[in-house]
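The two complexes that follow have chain A in common; it is paired with chain B in the first and with chain C in the second.
Right after this comes the complex of A and B.
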């Protein structure tokens, strides 16, 4: 007679292995975060903070269920070891790995249109803008806009983002209106949803523009570099007060478009590095709930100058930690404000999902996630690629609007060449790095700062910066449960 | 492992049976930030490695600290090598499963839909 099956759990002894039974390693990496602690990180980014030497004990099979009950359970549950050669939940692990890379599923989403190179500011860190009234020379033509939209609509991604940059994008407002209308028509035909973003300093903002933004659900991204003294020194507008114009513009956008439809970015200059607390406090005073402490850009100051870049990386890390601690203090005092760069990394650490930040992805975000159509019709692999072109380096130019096909651009010789170096899983130094799952590859950065797309990790400021920020975030979470809670709240968005 | 300091160089001899070529290169790759690193095969079982500070201020170098760091890093990279070798197959399996192209799966067929005997058609 067939044995009657039951829903009752089997006794615990069935599941226990004896102390002598061995276990099997699953792929993981480790890194010392302090003199006493190390972090174990598995293939899908799960991490465990353990005493230094634990990885050696695990590998030497000196961990067992009886003597290290909690650690053993954590290692099994988090896919660091398995009691079978192939873990029972191997499919789950594979699915999670697939999820981490799911940003590749639909290919390029962000399409940047440099609608004009004209600008009325003279920001000292800007390498690309021109102060001129000659529209024909520095505005994107309607023919190029049409060609760019054609390529954008060929992306397999059903959700596209069309981002207008400059120069000062609003100086070519008529062309933005033209482009948005064309895209809205095309999106209906091709069944795509398109998000529009305009990057602007808000100085040319008018009431009519605000009405238009609201009608067409356009998001605004602006720059706020800190308090007035810092902002105006960084972003000088001749004969005017750039800071005041920005603040006025932000308030108008908040009132008309809603708080969630206007965001501000900080560009960290050498001057900014001296005022971390003041910059954070300015964002709090202006009512922002997030601040993006973006790394200092290497484009424009000395390339291939390891000493200078290294010095500035150390300064930036000092600035970042001070600013982050100030942000955490505000959170502890009851004001919710998150740091976006930390959130990008924390989301990779704490959730199974990928993050759409193109500068910290593997495979790299250029081409896979973003493409740039310049005002002159040239097509670039990323925003930084076009900055290199402004310095007469066209290494990352992929084609020309109106001449190059979609296949030429995305599957051409240059794209394939770049694809050989845009996986951090296959780069020297990165291949064995514990933080690989949280980090990314940036061939353009490597090329601009070190002379080749592969890069040299020991002297790479990209590597030094990200390794130290990731290590610091882990150290903070381990040191104080309140900080871990704040970080988790940032990811869930709970205020 | 033997160490010798002379003329602002640190010379090491490492047994290649304990630390293979891959481990040695991966370990000393990270030292190329501060040092000019030279790796030579001494014989079939040993490597000669020399480190010379890139900065000319050699007197500021605490070679004792560097040696302790090298010993620790070699052990770490050896452990990583063990993990890589032991988990190569399972890692390939996971990645292969992750990116396998799944056609429409055939629905499972059986006499019952629930293994404890529940028959949804006979409620």
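Right after this comes the complex of A and C.
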């Protein structure tokens, strides 16, 4: 007992790694969040919110252990500075970086089949669909379906998603049935799991289709643009009954397929921008637990019109913030509903896990995560690429079903050319951006709005939009612990 | 306190004898407890005799006589009979809190160590008795602890004992306390990985997200880096891991940050245990550095536990009393104190949630929260 009590204990100072106040900077970036706060973000997306001016102090080596005890410990513990040129736990950081990028491990998962271009709606924001009965011209042929499946099955990814789009996909229901059956057989042979998704406005839905969806575990993704007045104005249809058909369809799907197997997407039109609260409330009233405030697609707007794009961006951001606040209010009132775009970004910020979302990742989603087979057999790098093609711009066409091999498509000259610009780590204006780890590269967007795949960040609406949304999310989190907790619940799905 | 040790006068004992004890000469066992008349006819079946009687010179085999007390021994308990006449209980048949202490040596020297290390080479002794013990433990044993000192200091013998455990007790959950530093060597971690021992979980302490504070608490330079590297190497080998955090004045201020560090950097851990301080070993000596009333750390504890739990990491609160714990943490509170060192205050007898409360360490009867009070039934 005596021996134990007299055993000497050493004071805290003994355990310092470096004696002086020198330290080494690990890679990190910073950005001002408000007039009082700035954020430091490291290579794996971990962040610290600190008073304005802190990054300057860190870089000028004006931080030390004695005067800034807590900050100094925070910076070391979160891999912002190190007392050794190469930190002892560099391998931990490397593992975390690999984890963040592991959405790349299996390569392309999402295979979009534009099964028909025909549609019975005439939505004013849609540039591609045709109201016609001519199946031979606007439906995907069986030969092209077969060829698309053949390419899909060559993906190294063991988990594939086959998504049917249109036009209105259900107008080509027989072709979907044909394709699903073929894929099920092939998947069995090749030991792959395939998730099937049909994007539909639900207007042509029949009881037989519902039975078929249930039997084949097919997920339904539909469009709901808000309350009846907005929805019907956006999504025009003879007799003005799109809204009612959609709501009826959603209810039928929920009943037959289960709530988790039907989801709705919002398209934000110029009209929608004036009604953030009404749109959010509509989603709550319809019992949805998520809403996706997708930015306006630029593909209908004039190219190279910086002024107009800038105006639209400011309007959208205003809409986004108002809607987000409404959503948060519903959560604070006890109704769980999350905003999907925020979730994508938040997951990158507050979890150590990878997020593969095709419109906001680096390397970009096109080719790496998604490929599109168009109704006419043409192969495109992304959904937006085929929109461009409808305007006679074939820049992102990678091949043709039936002619191009897997290698031609994914490793051909076009893909290699695009790969030069699909890393935001290597794009001017992105390479040194604090939000790089949370953002992505979108060569198609750059090309469509600014005329080249590199893009020009200071005038890019993609950049303006994401910078502001990310900044705003950080500001919200920092302002209120209750909001931080709601954000966490959005990620975990807990209430 | 449950008795785990007794002593008598040794006869003919030339090395430690490990065996199951019984009072019934017809039962399969190695050591016979003789309380009154000695049934000399059945003696040859047994390796050794333990008796309170003064009959040493009448028995022609290893025995301990004039033993002060053998009431604490149940039929089926496993003991070691030492050459000096000391009889230690190694395994109690009616307890869920059995453990193997592999060595009292340690390469750390934690400020709040409840079982301070001793610097003597006890490894050959313990290894010898445990290799005898393991085959005798009933196959139905549901859980078994491994502790120290630092068990990994046994080196190759550590893996040999684990191998023996997995062979003899394939259904038993094994929980091993280690500081994890040895696994900074990928060889050590790979060796453990090769056992593919799915019943084994390592309980490894991380006291801070900041190396200097962790190293100070465990009184070992470089310990934090080794432990974190070790955790990575173990995870790579799919070894199951529990993180253990002792709650005291040094660990509380950064506790929410530590929780974040665990989720961000160690999301692969299966369980995080938050443990109130035990007033034992070094702790009384260092109490000024360590003591904070549990009531005063509710906020930090709550934040840390809910954060991890929100992210689906299992958390538990050990060694705490319900009356000093915020009610939103009761769901995580476990009755964790081993039966042989568990106690309650007189005040506790009036308490309406006594049944669900883990109570105190016997040692904490002298040092506990100022806010312990019986919670009365809500009407």
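We adopt the following convention: the second predicted complex is superposed on the first by the 476 of 495 C-alpha atoms of A that agree within 3 Å, B and C clash if a C-alpha of one lies under 4 Å from a C-alpha of the other, contacts with A are read in each partner's own complex, and residues count from 1 in each chain.
Throughout what follows, a residue touches a chain if its C-beta (ideal position, glycine included) is under 8 Å from a C-beta of that chain, and two chains touch if they have at least 3 such contacts.
Computed from a prediction, not measured in an experiment: that's the story for all the values here.
Q: Is A:488 contacted by the first partner chain B, the second partner chain C, both or neither?
A: So A:488 only meets chain C here.
Q: Quick check for you: in the superposed arrangement, does A:429 touch first (chain B), second (chain C), both or neither?
A: first
Q: Under the stated touch criterion, which partner chain does A:74 make contact with: chain B (first), chain C (second), both, or neither?
A: The answer is second: A:74 touches chain C but not chain B.
Q: Once chain A of both complexes is superposed, is A:286 in touch with chain B (first), chain C (second), both, or neither?
A: neither
Q: Touching A:95 in the superposition: chain B (first), chain C (second), both, neither?
A: After superposing on A, A:95 lies in contact with both chain B and chain C.
Q: In the superposed arrangement, does A:9 touch chain B (first), chain C (second), both or neither?
A: Second partner only, chain C.
Q: Quick check for you: in the superposed arrangement, does A:154 touch first (chain B), second (chain C), both or neither?
A: Neither partner.
Q: Would you please give the residues of chain A that touch chain B in one complex and also touch chain C in the other complex?
A: On chain A, the overlap between the chain B and chain C contacts is residues 4-5, 7, 91, 95.
Q: Chain C touches which residues of chain A in the complex?
A: 4-5, 7, 9-12, 14-17, 46, 73-74, 76-78, 88-89, 91-92, 95-96, 351-353, 485, 488-489, 491-492, 494
Q: State the interface residues of chain A toward chain B in the complex, per the touch definition above.
A: Going by the criterion above, the answer is residues 4-7, 24-30, 43, 55-56, 59, 85-87, 90-91, 93-95, 97-98, 101, 428-429, 432, 456-459.
Q: Contact residues on chain C for chain A in the complex?
A: Residues of chain C touching chain A: 109, 111, 116, 208-213, 215-216, 219, 221-222, 225, 228-229, 232, 254, 257, 261, 263-265, 267, 281-282, 285-286, 307, 310-312.
Q: Considering only the defined contacts, which chain B positions touch chain A in the complex?
A: It is residues 26, 29-33, 75-77, 79-80, 82-84, 86-87, 90-91, 93-95, 97-99, 115-117 of chain B that touch chain A.
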